[in-house]
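Labels run A, B, C, D, E, F, G and H following the written order; every chain starts at residue 1.
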Amino acid sequence: MDTDKTTAVVDIFDEFRKDIDEHNDRRERLIKASRDVTNISKKVIFLLHRIMTERGNDTRDPFKHAAERGRNGLREAQVLYAQMKHEIQGDEFWRYHRAVSPGLQEYIEALSFAHYLEHGTLVTYAQVQDTLSDDSGVPYLPLPKEDYLLGLSDLTGELMRFAISGIARKGGRTKATEVCAFVRQCKSDFERFTPVVRELSKKQSVTTQSLEKIEDAVYAIVVRSSEYDLPPEAVDDIVAQSISS
Amino acid sequence: MDTDKTTAVVDIFDEFRKDIDEHNDRRERLIKASRDVTNISKKVIFLLHRIMTERGNDTRDPFKHAAERGRNGLREAQVLYAQMKHEIQGDEFWRYHRAVSPGLQEYIEALSFAHYLEHGTLVTYAQVQDTLSDDSGVPYLPLPKEDYLLGLSDLTGELMRFAISGIARKGGRTKATEVCAFVRQCKSDFERFTPVVRELSKKQSVTTQSLEKIEDAVYAIVVRSSEYDLPPEAVDDIVAQSISS
Amino acid sequence: MDPQDLDRLNELLEQDVEIREKIKEQVAELDKKTRNMAGVLNRIHSTPTESSQVTWLSCRFIRLIRLPIVPVLIDSVRPILQSCQDTSAAMAALIPLNQFWRFKEMWSSSLRTAVYSAAFVEYLSSGKLISLPDVAKILGKEEWKDRFSLAVEDYLHGLISLVNELSRLAVNAVTLGNFEEPIRISIFVKELFAGFTMLNLKNDTLRRRFDSLKYDIKKIEEVVYDLSLRKLAAPKKEQVDSKE
Amino acid sequence: MDPQDLDRLNELLEQDVEIREKIKEQVAELDKKTRNMAGVLNRIHSTPTESSQVTWLSCRFIRLIRLPIVPVLIDSVRPILQSCQDTSAAMAALIPLNQFWRFKEMWSSSLRTAVYSAAFVEYLSSGKLISLPDVAKILGKEEWKDRFSLAVEDYLHGLISLVNELSRLAVNAVTLGNFEEPIRISIFVKELFAGFTMLNLKNDTLRRRFDSLKYDIKKIEEVVYDLSLRKLAAPKKEQVDSKE
Amino acid sequence: MDPQDLDRLNELLEQDVEIREKIKEQVAELDKKTRNMAGVLNRIHSTPTESSQVTWLSCRFIRLIRLPIVPVLIDSVRPILQSCQDTSAAMAALIPLNQFWRFKEMWSSSLRTAVYSAAFVEYLSSGKLISLPDVAKILGKEEWKDRFSLAVEDYLHGLISLVNELSRLAVNAVTLGNFEEPIRISIFVKELFAGFTMLNLKNDTLRRRFDSLKYDIKKIEEVVYDLSLRKLAAPKKEQVDSKE
Amino acid sequence: MDPQDLDRLNELLEQDVEIREKIKEQVAELDKKTRNMAGVLNRIHSTPTESSQVTWLSCRFIRLIRLPIVPVLIDSVRPILQSCQDTSAAMAALIPLNQFWRFKEMWSSSLRTAVYSAAFVEYLSSGKLISLPDVAKILGKEEWKDRFSLAVEDYLHGLISLVNELSRLAVNAVTLGNFEEPIRISIFVKELFAGFTMLNLKNDTLRRRFDSLKYDIKKIEEVVYDLSLRKLAAPKKEQVDSKE
Amino acid sequence: MDPQDLDRLNELLEQDVEIREKIKEQVAELDKKTRNMAGVLNRIHSTPTESSQVTWLSCRFIRLIRLPIVPVLIDSVRPILQSCQDTSAAMAALIPLNQFWRFKEMWSSSLRTAVYSAAFVEYLSSGKLISLPDVAKILGKEEWKDRFSLAVEDYLHGLISLVNELSRLAVNAVTLGNFEEPIRISIFVKELFAGFTMLNLKNDTLRRRFDSLKYDIKKIEEVVYDLSLRKLAAPKKEQVDSKE
Amino acid sequence: MDPQDLDRLNELLEQDVEIREKIKEQVAELDKKTRNMAGVLNRIHSTPTESSQVTWLSCRFIRLIRLPIVPVLIDSVRPILQSCQDTSAAMAALIPLNQFWRFKEMWSSSLRTAVYSAAFVEYLSSGKLISLPDVAKILGKEEWKDRFSLAVEDYLHGLISLVNELSRLAVNAVTLGNFEEPIRISIFVKELFAGFTMLNLKNDTLRRRFDSLKYDIKKIEEVVYDLSLRKLAAPKKEQVDSKE
């Protein structure tokens, strides 16, 4: 038996081992970081709901205030991406895309929620990519369009929670109507992407459910106020008065 | 509205939030550590197979040598458990058991493989607990009997790989027969635990499959050698000779 | 495996099985009690309260004809509630030191109903939110805490059940002519909801049940809204209008 | 969403769809080639080799009657193998810079068959293991590596397919009267297996296929064993015995 | 296998197949009847009742123009209900002695719809809950009980379907101007619910469907609330009493 | 294998592949149209109708700023609907004689959406149910029936989708101030439901979707209830008649 | 609900729960026995038989050191098998008249293992197939048949398990040097298989398990092939005859 | 719904149900026949052939004692095979014009077994591969092709079953002392496999079953190896030629 050749094969495979180990380790690190991003983003979403529920002292625009605090919270996730950057350079990003994707989507969900509260619009692709770039505008990673859309699609669920739990508060009835129109628009805007972004179809049906919940809530407002002839704001006042009495 | 009372409820729930956050964070840390243990253990299992395949220069007992290197590799996992220790003190261990369990089972699988190679026996519960205790014998965690058994049950799969890939080597035929008897014994020993350890039933059927694979391999050896009247060692020699010729 | 090791292991595992068997019996016991309490408390939805001044007189009359009214109801729940401590004691005696979390899942559901009952009784008597330590005191003893205690999540589940029930009560109170109760409930539940909003939950049962709270609040709000607009709770005038 | 953003996004996504569509066409092309090569190489199992001295004469004869023999077979695979580079070139032109891993899954399976074919051809010609860079050179060009290259796992999958085929060849070589080939295969495969043992694999397809290698080695070993005991490969004596 | 044994086995297997085939036919028959009844009873949701005094006159008028009203509806269901006994008789004749439980699952679903129909008819005629022996009497005969009888769980499933339908009826009665019906339904359903609470149900489909009753009750309570709030109807004293 | 036989087999297999490929393209075309129609029709939920007098003025205003109102919406769907015939023509040309049922599953889902769109347009324009022959006429031509036609089950699936949408519309119409629509929907859907009840449905998916209609009906009934209770709208006498 | 009716219902439900609880205990008992038997019978795979002449001497030696050999094995299973009748008696006493089929599913799985054990013991002692009446006689008594009996499908499931085990035994017998056993097994199993083919199996699980028998037969055939090829054993003429 | 439309729909739905019911009966008939043929053909595995010279004498003897030998076996299958045409005729009469593909799936599985039987009979008689038109002619008539015909995929499925069976036969032939059969099978199967390789199969069940053929081929190659090694049989020159 040619011992030299044997050694040769073993040597080659030793290189492979290093490659494969390095690959698995990196994947593991990215999965961990991605879990962290998910947790940070989830906390930010709760924070936003919380601020919107509290908003006791209206010293300043509560929506803007919430958005600011939300964005602050997300900075932590951005730091993580900055740290991940060198592990997902160039094509490596696509190699590890599956490990990174869940965190990215949750991040986009949180960011778009903060953005909606402040501006009443969807955060744009460029704006999201911007938050994932360093000061000189160099991206930490190439934001996949699919993740952008899937993250936005999750937003509708949070908006449903926001609309329904806000209904009982001053101005909540008007807000719910706004959110209803917005989510309806989202649903119809996203529809055209369903043939090209596979996982979007499932999320669209969740969006449909959320939309129907908001529609039902808005319906209830209209039915009840139709019994009398009062604008929604007047209703808020009357209710507030009877509770405080 | 009684503002003081409101504050009170919010204060109480603020405490809850801290509790829940701390709980989730800890769970997250333990899951990460457990993934690390799993990876370390898997690498050790591969290392053991590798050493058993190599064993070129028989300067010393290859089995003992493998076991030593395996145990060395597992020391890294033991360090992780030592670090986890303060997070899973007392009842906390049971609270986070589900997060810790997969890593623990993989660790036991690797440890029992090393142990089998050296001693030809199953590592005992006390021996496993011993490796998970500090120098003064204080356990890092209370080793659950279930995890011990489930880890051992996975060992049979590795033994199947060990027996079949070893068959082509000198002494491999005899070794395969030994492993066959050992795995058969494991299967029958574990059977009595199936009513009390739920997940064991599924693993027993994997063991059965492994056992049948080993039985088939041993059968093939016997059938072929029955055609002639040669003891297995003689066969090894003849084969070695014809390859080197 | 060494036959002795095998036997030892089997013995230990069978001890666990035995403990589970015994705990199951205690849980069945606890379960019977909590069902019983839930059954009695369910009657609150057809029970006029004293505080409802409008129907006070008819209530008096009703009492004479032996209808249970709120205090009577509460009085019949309290002893069952207290007796839960016996079951807790029995469990604490069964559970090995430091293994509370190992077996906890077996009785979580029953415990949550017990928490709900305690919280409902407290709300009905004092209008206050019962605190975790207070429920814990009612259902068990501090000194068992290595073996049996009340986890935050079970307490929170119990509170959500309370809100579910209060939204029903707000509706039924109006039917029974009590127009103050919905207002009280509204204030109480909003405060509680604000508390819940503080929490960062995972996507688990608690989160899902918390989401459902929004519908209860909405329902309560609608009742308050109906009452306000009909000026039944607010300054009374033009009662005729609301009749249409 | 802003209608312009929407349109832009859609445009980008549709570009991706288009790229995929075009890559699919190239993969179909590559697939056709690899199937073709696999088909030709399959004939090796009924093809006597030159190296088999015992049947050499009959082989000669067979050649005259135009039976493909190994070198002929190899010669007919080589040009197809080389033409794979055209497909690779076409793909490299399609794939955007740095997005190799994004689309890679689309052709992994075909590429592995190509690797297998290259490795089989190499084994049949030189008896050597082809190296990753060598296969890579045959199938593509270094300068495309941001767009198209050969991943370690695909190379390894190709080698496993080679072993699967070699265990069949060991059996069929004997049938065709070639008693040297199994020995050569045995040595080659064992060495390769030792290489595979170096790797720490996850529980994925590669791991599962690697596990299956053991059976191929066992089979090859049995052939060697049969030959050794029958003294066909070993020093020839008492040939009669083996006939029984 | 011994040919005789084989024949015996085959005979047993084929008997089984044949019985199932024949039972299937009878079940199809029963199914047709229950669908028919459910279809007729479904019309109740658009049928004004006599007891609704507000719309009494229009009802009279409607009767003239041959709109079905409740008693007419009931009268058209009764004969179908009675004819179920024929199917039961046919099944009893098919089922071998002692094998009732073997085949029972084949018609459980149809039987539950039959129970629901019987219970709905009883509610509509007398306002009472039909008892298990009474439904059993309507659908079959005591003397067949080795071959065909009514299991507790099927009776209870039928009652749950009744409540599902009554919550719908409460809503539709209001639409049709009948403001008394929801009150009646509320009292009936609450009493039934209290009964269910006292049953020792295991964790199976029955338990799950029972849990879903809460939604029906809530809906009915909300209807009663809407009526009370608008002073369109109110529980009468006697009704409150009977709730005790 | 005989080379000629082989060629023939391959030819048959490749014809199949080719036809499927071409049909896929047409289905993609059809799919785009049905998506488009569904998208436009979806806007109905935010579109005030002319018949809603309360919001009439604001509607006028809205029209000026070019918001689609119902007739406009319908007008924009009709041409797309008609253009479906082109796709059907293309498919009919592709499908070999007698092989309609072989490929039918490929476009069933799109066809059902087309049926739904046609039925929705008909409901919105005339308030009537479109018949199977009428949809078939819109979507294809009688003379193709060996190659392309409309199966009963696809027609029924389309109708179920219509009901799903109408229950949503009942809710949203109220939000838009149109209190008559829910009454109209209620009558239409109940009649349709009664029709479905009389069909002998064996098909599993169809049966399951039909069962789900109950939820839609319940929801519509609750909307009508809300309106009647508040005297915002009421079923007219003639409507009650027609329900018979 | 009428309190008496309620009590009656509860009584019925609780009887059911109680019977199940008690049957469960007996099933646990039976289960322990069947596990035990299966465990002992499993040792057959490492037990040399007397008929194996080659290893006879070593066997003798083994017997001295008390390794179980086949007859010893059988003798240790028989008493357990017989004791199953006690469990059957206990169950027969528990099960109400006519309700055998209601509870049967609770012990089917254990009973099948018992059938398998009985059939294996019979094969090992006499080489014959045990008949249904014979197993029934071993496991229970004819006079209980209203309450406890052996269903055809459980018998057949037991036989399929036997074949699964025999294919393993064919392999292991060779390992133990017994070259006759596979031949015997082959004849026995082929005959059994031919019997199964003639049964009219409708039952899905049974049918699926029967289909899997093909793999067992193939395995046994390959063992017989290996032996014949090497002239280690050969089917005798009479055996060929009996296959007819 | 318009009553006439309703009737028409119901009529269509019921026609469908009725046709299916009748087809099911015919399929059961066909199924019985194919099972019967498969059962007889299964006996081939224990049947010595005439061509096996070694056992020729014993075979002769066996024939006298009426053991089935191959020609006898084939003769008993042929009439059943022919009778399949009757079932085909009955089906062709049932299936509406152009709806062959609608119902085809109902009998695909049985038809594939029929194809397998026909192909096995052909192989056993002539050693040739039966062509699709030939099987089609045996099982049905050209002129029914609008209503009943043989699809390519069913033909191919039948051939794959044939190979599965031939690999078993190769093994069992050796056991029965017939050393030529495996060689013949090897040549036949390799040629068939090469044919399959040239087909353009999609990724469906057929592709998956085709992939599994590799295992059968490997097994057959190993049998031929075993025989060559022991010089019990060897591929003849002409056979090698024909492989080309």
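Following the convention adopted for this analysis, a residue touches a chain if its C-beta (ideal position, glycine included) is under 8 Å from a C-beta of that chain, and two chains touch if they have at least 3 such contacts.
Here's who's who by UniProt: C, D, E, F, G, H = Translin.
Note that the structure is predicted; figures quoted are calculated from it, not measured.
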{"item": "Duplicate of the D-H contact set - from E-G, F-H or C-E, the pair where over half of the pairs recur", "value": "C-E"}
{"item": "Pair joined by the larger number of C-beta contacts - A-D, A-B", "value": "A-D"}
{"item": "For subunit B paired with subunit G (Translin), centre-to-centre distance based on mean C-alpha positions, whole Å", "value": "34"}
{"item": "Whole-Å separation of chain centres (CA-atom averages), subunit F (Translin) against subunit G (Translin)", "value": "58"}
{"item": "CA centroid of subunit A to CA centroid of subunit H (Translin), Å", "value": "58"}
{"item": "Touching two or more other chains - residue numbers and ranges from subunit C (Translin)", "value": "187, 194, 198-202, 226, 244"}
{"item": "Touching two or more other chains - residues of subunit B", "value": "1, 21, 24, 43, 192, 227, 243"}
{"item": "Set of all touching chain pairs, with the criterion as stated earlier", "value": "A-B, A-C, A-D, A-F, B-C, B-D, B-G, C-E, D-H, E-F, E-G, F-H, G-H"}
{"item": "Partner subunit A, residues of subunit C (Translin) touching it in the complex", "value": "183, 186-187, 190, 193-194, 197-202, 211, 214-215, 217-218, 220-222, 224-229, 233-235"}
{"item": "Of subunit A, residues touching subunit F (Translin) in the complex", "value": "181, 184, 187-188, 191-192, 195, 212, 215-216, 218-219, 222-223, 226-227"}
{"item": "Sites on subunit G (Translin) touched by subunit B in the complex", "value": "31, 35, 39, 42-43, 45-46, 168, 171-172, 174-175, 177, 179, 223, 226-227, 230, 232"}
{"item": "Footprint of subunit C (Translin) on subunit A - complex, ascending", "value": "42-43, 46, 49-50, 53-54, 161, 164-165, 167-168, 217, 220, 224, 227-228, 230, 235, 238-239, 241-243, 245"}
{"item": "Interfacial residue positions of subunit F (Translin) with respect to subunit E (Translin) in the complex", "value": "190, 194, 197-198, 218, 221-222, 224-225, 228-229, 235, 237, 240-241, 243-244"}
